[in-house]
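Structures given as structure tokens follow.
Okay, so chain A shows up in both of these, paired with chain B first and chain C after.
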Partner chain A sequence: MNVFRAALYKELLLQWRTRARVLSVVVFGATALLLMSFAIGPDAGALRLHAGGFLWLALLLSSTLTLEASLEAETEQQALEGLLLLPVPPTILFYAKAVANTLQLALLGAVLVPVAIVLYGAETARPLALFGLLVLGAAGLAAPGTLYATMTARARAKQTLLPLLLFPLVVPVLIAATKASSLLILGDPMRQLAAWLTLLGGFCGIYWTLCGLMFGLIVED
Partner chain B sequence: MILPRLASPNLAFALVALGVLLLLAGSYYGLFVSPQERYMGDVQRIMYVHVPSAWNAMLLFTLAMGCALAYLWRGGWGWDAHHEALLEGAAVLSFLLCVQGSIWAKPTWGVWWDWDPRLTTTAVMLLALLGILALRSAVDDPEKRATWSAVATIIAFVDVPIVYFSVRWWNSLHQMQSSPETVSAPFIVPLRLNAFGVLALMGGLALLRARVAARRTAKELGPALPPMPAGAALEA
Partner chain C sequence: MSARVEAAVVCRGLVKRYGSVTAVDGLDLEVRSGECFGMLGPNGAGKTTTIEILEGLNAPDAGEVVVLGERWAGDGMALRARLGIQLQETKYPEKLTVAETLALFRSFYPRGLSVAEALAVVALQEKADAFVRGLSGGQRQRLSLACALVGDPELVFLDEPTTGLDPQSRRQAWDIVEDLKRRGRTVLLTTHYMEEAARLCDRVAIVDRGKVIALGTPRELIASLGAEHVVEFAVDGTGPAPTSQELAALPSVQAVEREAAAWRLSVREVHRAVPALLAVLAEQGREPSQLSVHSATLEDVFVHLTGRTLRDA
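This part shows the complex of A and B:
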């Protein structure tokens, strides 16, 4: 547990020291949110109806920048190879990085929610539930995203490769998180929220386990 | 590197020839012998290539996943070569499946595309397969390429049922899938002929493509090291 804490501390410290880049990701996400409203037009009702989808699309697009950046420092001067020389199982390194990425994406989502409220009138009566959903959705993006970013950071054409691999995989996250967000914003008279959260939780459970098992294979080559 | 032991090209060519013959027979039966379907008319005949494409796309992806697991578990460049060939075969069939589905959907449903679970899952599967093939083309080191793409294949394969059920909850319109149990006897013959035809054709092509992949990897890895002379280890 101490090893995991140290690895997580290292990831969070790294993110704190590159906070200027985080700001640019926030601006990117807010810009994406603004641009999506132009696709619908100035219809307040329609904008509110699609606010959940816009929020998660903006978060998904921004996530590729965050995930890429989290691995950039590891590829410089073969830092990852240096980390692997430490007496730490690669699985611990993966989970530390994935937890740090989850936190960063959830915080990014939390910053984008007020923007969505201002632009689309996407208020919710259950802000805590929405934040919980942001954490769960961010976890669904972060586990496969961290694994794929570790591969693509050391491949050619990494900017296009990460979205190519990640986007088809996280379709269930996008569907479930969008539906759940819309239910929180527009109301849930049929009590469907729990089903979508279960799907999201199931996806997270499967991919946090699978990616943790696979991480060792892709770094120890 | 020594070339891995692969199936004889004669077997591959025989499978391709068998596949072509079965497809010709199945297509003739499906177009000229099989009766016209009562409600959809001639449009229904696309089922004779659509359903076999669907079965074989999923089969090839499953076999690719098996090769990926075998490579990670046991190693061996033969598994990697077959993995690459099967991924490409599955991608081709998934693409054909989407195209055939759209051609059938326009006169039947009135739209080229519908967000039905199977159609959407096939599109997602196609994109996932193209992503893995793009990853393979972007990595120069053969060992990294084989390991990373094997991991990506396993991860994408696990995703297929999750995508299917999430899209099914989200929206559904597709009719129940066709199988020999759900269609009447005159429709079964061309369906079966074409299913085995596509299987034999894609199997033969995959075996040939695996040979190309194995030769490329052998070239990348360079010649095998000469055997150590007897007693060299003791002298050292």
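This part shows the complex of A and C:
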């Protein structure tokens, strides 16, 4: 547990030190939201209807940028091999990285939500639930994202490989997160929210377990 | 079962192939507890490959390895906690400071030095708050040494710990190793500097093409030449030249080697061999274009065994 705390602290510290980069990602995400709102036009009803989907799309695009940044420091310099020297299971280091990435993505989401509220009129009556949903969705993106950033770290064309690998895997997460967001924004007369959140949570659980196991295997290769 | 493990590292018949290259070719080693053991060899001799197999980073194609009485099996975490490892090249996150990097490594080990102690060991106190990004090559090397020592390991693997260091930093690194020896730690290091091996190591294995070709204390190895000094000379141009037989017959000359116009004589007593050599040359109307004498070193042992120098092997 000590080891996990130390590793998480290191990840967060590194993120804090590279915050200028995160800022550019925020601008990127906000720009994506802006463009998509223009594509829909001034119809307030249509904007609200699509807000959930576009919010997650913007988050997904931004996530590929932040995840790569998080591994860049280590991979450019083959520090992954260094992990094997430590008397620490690599899996612990993976979870520290994934938790840090989750926090960063959730924070990004929390910044993008107000933007979406302004652009799409996407207020919700349950802001806390929306924040919980952001964390859950971020976790669903972060675990496979962290893993794939490691896998493709050595491939030359990692900029193109990462999204290629990440997108298909996170489709279920995105669908569930989008659905749940729409329900929070538009209202939930049929009480479907719980089902979608359960689905989302289930996928998160699966990804976090599988990715943790696979990270150990990849690093030892 | 013996209660005490006498050998810190034992490996037998180690083989590692990369495609058609046999990097390690049936290598045997035994490192005793508390000694500083050196692997000396030219580039590509297989030193890094061997040490990485011993560290459990690399799996051998054949052979067995026992480290601190254990084999590499399972995740090896308990064993890892007792080792300190400096890779030939390690990189650390550029945006952490030196002290933060050491604190991180320290938190991974169950026991060890404090960050301040580790900094003091490698004399990096002044750089404690500097970012890794801003360190010079030699300072990075010292940081990686500190990271290897911060868990207070029983057995330390150092792969070319002084390559790229300036003479002063090299001497500091030597002091660190000598301090480890004093505290009863076992050190296995690789190097291609023979002065380093001669000065630091209790025993040295000379490695070439994946095999140990000589083993012993630096003194024993040099003594195996049968001569304490090496006379090197060259005669340019044409005309009569001394033959190997003539040279071998000179007083106190033990061995003669020739490389183009350059000759190497292994001699026991310089004051008898050199005048005789000059006399032979003078008889033939020649003068040496070069003449030098040095005490025999591990380098000479390597040359004697392989016919090549460590640098151009």
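The definition used in the following text is that the second predicted complex is superposed on the first by the 221 of 221 C-alpha atoms of A that agree within 3 Å, B and C clash if a C-alpha of one lies under 4 Å from a C-alpha of the other, contacts with A are read in each partner's own complex, and residues count from 1 in each chain.
Criterion: contacts are C-beta pairs under 8 Å (C-beta built on N, C-alpha and C of every residue); 3 or more make two chains touch, one makes a residue touch a chain.
This structure is a prediction, so every number in the text was calculated from the model and none was measured.
Of the two partner chains placed by the overlay, neither chain B nor chain C lies in contact with A:H50. Looking at the shared chain after the overlay, A:V88 reaches chain C, while chain B stays out of its contact range. Look at A:K97: by the touch rule set out above, it reaches neither chain B nor chain C.
Of the two partner chains, chain B is the only one touched by A:F203; chain C is not.
Between chain B and chain C, B touches the greater number of residues of chain A. When the two structures are aligned on the shared chain, A:C211 is found in touch with chain B, with no touch to chain C.
In the superposition on chain A, no residue of chain A contacts both chain B and chain C. Every residue of chain B that touches chain A in the complex is listed here, in rising order: 72, 124-125, 127-128, 130-132, 134-135, 138-140, 143-144, 147-148, 151-152, 154-156, 158-159, 162-163, 165-167, 169-170. By the touch criterion given at the top, residues 144, 147-148, 151-152, 154-158, 160-161, 164-165, 167-169, 171-172, 175-176, 179, 195, 199, 202-203, 206-207, 210-211, 214, 217-218, 221 of chain A touch chain B in their complex.
Those residues of chain A that touch chain C in the complex are listed here as 2-3, 5-7, 10, 13-14, 17-18, 73-74, 77-79, 81-82, 84-89.
Within the complex formed with chain A, the chain C residues making contact are 55, 57, 75, 77-78, 80-81, 85, 87, 89-96, 100, 103-105, 107-110, 151.
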